[in-house]
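Shared between the two complexes below is chain A, which pairs with chain B and chain C, respectively.
What follows is the complex of A and B.
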């Protein structure tokens, strides 16, 4: 109880409250601009968090990401351009509703069910994390190795591209993580005599480059989206209660699917939205209405992507294994602020954990009034020409990268990773897998090598402990899954030919 | 920058082979079988395998057909015509410019050049580009220098605060 009161005191500090409000507005604006994703919003925030208190830093990340995930629905519904990839699953549906004259209902559903999903996801975080922490205390390097590897494999499944290309992207990320002297031998590895590389490739410049610079690069070659027609909105929340009652089951299913996908290391909001939209259609009583402006899928997927956002923090806080790209960034911030992820976080820093929960709930509550404001102002924000927004984003990339270590080498790294991200995306290599590889590389290697040393180079002990054998089975299943899908498809295609 | 799978696959395979070779030459930890060499060798080996599989076209059935936009382009991309992919490299080039020039020129002049050129290449009117280039850098400077205390270089044109 004292820890809880302490947590309230921590959150009620003026700097934290200001940070929450400012990052909420920032997240809403950035998320609503097409092409600027929630991950990018978070990545650009990191340099700012350097200079904030630990709780304020975490608060900005949580608030900005939750707002950006909702806000991505706005251009999706109004212009049929998803603001963030997590909204892409139901953009067509929301736009169809707008064309039917139900823009308010579509946007309101995005807002209302995002907030519900976020709160239910937070509850799952509160309930699950301490239970899993008990279990995690008995984990050895074998379990950690498999968990990290499972996370990487899940990240390759998420991408809707060739699984081999996804695995290649992930391996490329691991290779980047090899650079530097932070390795089992403490020798300079792949530094080519460059002093700046001795410290390794920091995840933040890589993230900013891959997610922000490459987006500016893409804007250079694609035409500007059409301007948003001005429109007046009716009541946004009217009718949401009726929707909640009518689609109670899809809503809960969305919440639960989102939570499960979020907890899986490596899989995040994008995948949650796609899976939930698909299950909504599969189990709906009126699947033929999907795609014509039917709110059911919106309810389920809208709840799902925000629920996954909160539960994605479970593996991040417990094991330091990111649930998605946003928590991959958050983990870096946690380390920087002395809140090193691990099961002991829940006993030693209980008040900080409670503060984190409170911020999550708070962010999802203020999402409703701020979201309504944002929807009403959307035509104003979305009118900002891209040729004015993108140069500023690029400038922020440069300054942000510089701020991470006050050296200009990171600015060059940001540019380099922009090119890498751009070329990879154009050729069907998912960049999220690359980023998770870079972020988790050191951890995977450490646990892999320590386990190998413990087992004297033998592979068998990797499968001997009960939990590690289960995790190994899951990882191998994730590895073989694409092959199974491919075989099934071949069989199915062969049948009608007969 | 659309390359064929054969090119990217072979590139990855060569990169993996180099990583494997480079890793195998790393000094071992005395008295220990497992050292800094193992991980790059495993990763490099995996990359070789993936690269070869990509080059021979396995897994392509999972990819969605690429839709290349053929609509009207603005700014630099339109001027470049068929070579418009080059326009995409303006932002990294400007970042390189920042890394090389900001120490001597100072933050405000460097940022002015960056924003101006980027806005113009994106097809902004000269008026909008100048407004952005004059207006945005001082704001960014104010937030990062004053509020966050990032030591941005003053150079030729120190900010008044």
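What follows is the complex of A and C.
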């Protein structure tokens, strides 16, 4: 108890509170710019943390990353440009809602369920950290392979187009993921002697290109639509309570899936959002509404990606193993500030640990008022004439891509992927599946090859280990299910004719 | 009217931006007369980035001009390393180069090598360690070494970084020094030290040869043990871990180092000035505190020392890479 009171005193210090507020605003702004991810928002904070007290330093990272993951939903919903890869899973859905005139419901759902996910994730961190950490440590490359493979299967579930086209788009994504030297063999592939290709194709430029640039190109092809009727932007939180009650079950499922995926090092918020969106659709009573502006998927995936953000801290705090790219950066800051990760952090530095918990909860609570402000300001974009908005989007895309590595090559990649995305959409191939392939490709390959090296080329261990066998069964079921349904339907249709 | 003023301000700004560019040509006077760019070939948030940023902020204090860290990522480090080499040798472009510069050219990934730079100072080196699972039967490095010698090729699995990465070469070099083939212990490529340590704790692999600071959290959590480090001396931060030399009599040591370098043909007075400033930075309490907090090894080398250190690394790694079949040509 004394440790807890001490923690409140630590957090209530003026410098910590100022750090939380400032980094909240900063995270919201950075996350809402296309191409600037939550990871980048955190990385840019590191030099600032040199000059802060330990608690304030960690507070900036926790707050900024939570805000950035939420505000990545804003450009996605308003302009169909996901701010972060974690938002890409449900960007089309949120944008469809905006076109139906439900922008405030879509954005409000993003905000409300992000905050809930963040708080539930924090509770899991507080109550079950040792148990979750144990689970994370039992995952070897065999389990990761199945998990990543399962993630790839989401492509067919998420897509609204035919599954064949979704798989084709995903395979194209996997092909892009092959580029570079960052593969298990350490051999340059598809680099054509170009130095810039050695590092492979990063998901961010691809994402910005296929979503944002192709959207701008499409806008140039079509005449300016009649401006949306001028109306007051409705209340953002109204209706969220109704959604919470109606979609209670998907919300909890999103939270739980988010927590589990977040705890597993290397999976992270991006994968949590994809898997949750896919399960929402798979288990929905009205899957046909998905993709037409239906909030159910937003509820589940929005809760999921923020829950994973909080639980991603479990392996980081207990073992110094980063749960995702954000905690990888945070671990460096923890060491620098003398808060070395490890079990001793929970015993000897208990007050600092409690302070971290309080900051997590606080960040997710102030997300709501600040998020509403941000949404209100951002929604002005809907009223601006298209001729003014589109060039600014192009500029932001270029700047965002350049900022990822101060490298002009990423800007060219954005342009190239813009064209690819444009052509794909025109022919009914879902670009989201392409992005999924690029994001998951490395993980699938890395874990498959390293597992085979470990087992001396034997495939049996993929099915022998207990967790691995369960995941394998789920993956194979997901793979065969659509085919089984299809055959059944064919058989049934054939019967009456006989 | 407003428009006019704005344009005026822009023009003035542009002129102000151009002016410093012209200055070094006009007067060779005081260095540094304007902000200096510090290029880092690796991403923001990593260990190299953090080290570069603390060095830059201390250099700024020392020399009275901003030292701006710029992350030039891509191409597995090749892009940033070439940006440093191709900068103008006027002292306003310097960068943090890493051990990869002594590896990439052997693999045929780039023409760049240590001689493409003016070395200024070696700031840090982390030697490889030998880590095993806490429940592993090998209590000390001798027992492990004997078990490896007695094993059939490929029976033991080790990890720590990607194929051909610095910790892979450390393993290859150690095996070579014991008279074994470089692939006697099979290398399992991983995405860095943290996933490898996780797999070690999960029981997926037998040995991880990353540096001790990288393994520290898992060791402190009681999931792994460090049996030895491949360095001439013990690390005062982890004093209980013996060196390979004192246990097995093997004198193999090549660590992951970081140093500051400038483009080739940097005028000697500027180079000396920078090296002197870097020495003060290295000796400062702030730098020591930072390095100790992160557990990074403090190794110093002045311009000549850095150059010979790179030459040694280059030769050792070249041999290890040929041994492991990773070198081209």
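Following the convention adopted for this analysis, the second predicted complex is superposed on the first by the 275 of 498 C-alpha atoms of A that agree within 3 Å, B and C clash if a C-alpha of one lies under 4 Å from a C-alpha of the other, contacts with A are read in each partner's own complex, and residues count from 1 in each chain.
Basically, contacts are C-beta pairs under 8 Å (C-beta built on N, C-alpha and C of every residue); 3 or more make two chains touch, one makes a residue touch a chain.
Bear in mind the structure is a predicted one, so any value in this text is a computation, not a measurement.
Enquirer: Looking at A:2 after the superposition, I want to know if it touches chain B, chain C, both of them or none. Which is it: first, second, both, neither?
Expert: neither
Enquirer: First (chain B), second (chain C), both or neither: which does A:419 touch?
Expert: In the superposition, A:419 contacts chain B only.
Enquirer: With the two structures laid over each other on chain A, which partner does A:427 touch: chain B (first), chain C (second), both, or neither?
Expert: Only chain B is touched by A:427; chain C is not.
Enquirer: Could you look at A:174 and tell me whether it touches chain B, chain C, both or neither (first, second, both, neither)?
Expert: first
Enquirer: Give one of first, second, both or neither to describe whether A:184 is in contact with chain B, with chain C, with both, or with none.
Expert: Both partners, chain B and chain C.
Enquirer: Check the residue A:196 against both partner chains and state whether it touches chain B (first), chain C (second), both, or neither.
Expert: In the superposition, A:196 contacts chain C only.
Enquirer: Is A:390 touching the first partner chain B, the second partner chain C, both, or neither of them?
Expert: The first partner, chain B, only.
Enquirer: Tell me the contact category for A:141 with respect to chain B and chain C: first, second, both or neither.
Expert: The second partner, chain C, only.
Enquirer: Enumerate the residues of chain A that count as touching chain B in its complex and touching chain C in the other.
Expert: Comparing the two interfaces on chain A, one with chain B and one with chain C, the shared residues are 47, 50, 184-187, 406, 409, 449, 453, 456.
Enquirer: Where on chain B does chain A make contact in their complex?
Expert: 1-3, 5, 8, 12, 15-16, 19, 22-23, 26-29, 32-40, 42-44, 46-47, 50-51, 53-54, 58-64, 66, 69, 71-77, 84-85, 87-96, 98-100, 102-103, 111, 114-116, 118-119, 121-124, 128-129, 132-133, 136-137, 140, 144, 147-152
Enquirer: Could you list, by residue number, the parts of chain C that touch chain A in their complex?
Expert: Going through chain C, the ones touching chain A are 43-47, 49-50, 53-54, 57, 69-76, 78-79, 82, 107, 109-110, 154, 157, 159, 162-165, 186-191, 194-195, 197-199, 201-205, 216-218, 220-223, 290, 293-295, 326.
Enquirer: Could you list, by residue number, the parts of chain A that touch chain B in their complex?
Expert: 47-48, 50-51, 160-165, 167-168, 171-172, 174-175, 178, 183-187, 189-190, 213, 216-224, 385-388, 390-392, 394-399, 402-403, 406, 408-409, 411-412, 414-416, 418-419, 422-423, 426-429, 444-445, 448-449, 452-453, 456-457, 482, 485-486, 489
Enquirer: Tell me, which parts of chain A touch chain C in their complex?
Expert: 39-40, 42-44, 46-47, 50, 136-142, 180-182, 184-188, 195-199, 265-266, 315, 318-322, 325, 328-329, 331-332, 335-338, 340-344, 404-407, 409-410, 446, 449-450, 453-454, 456
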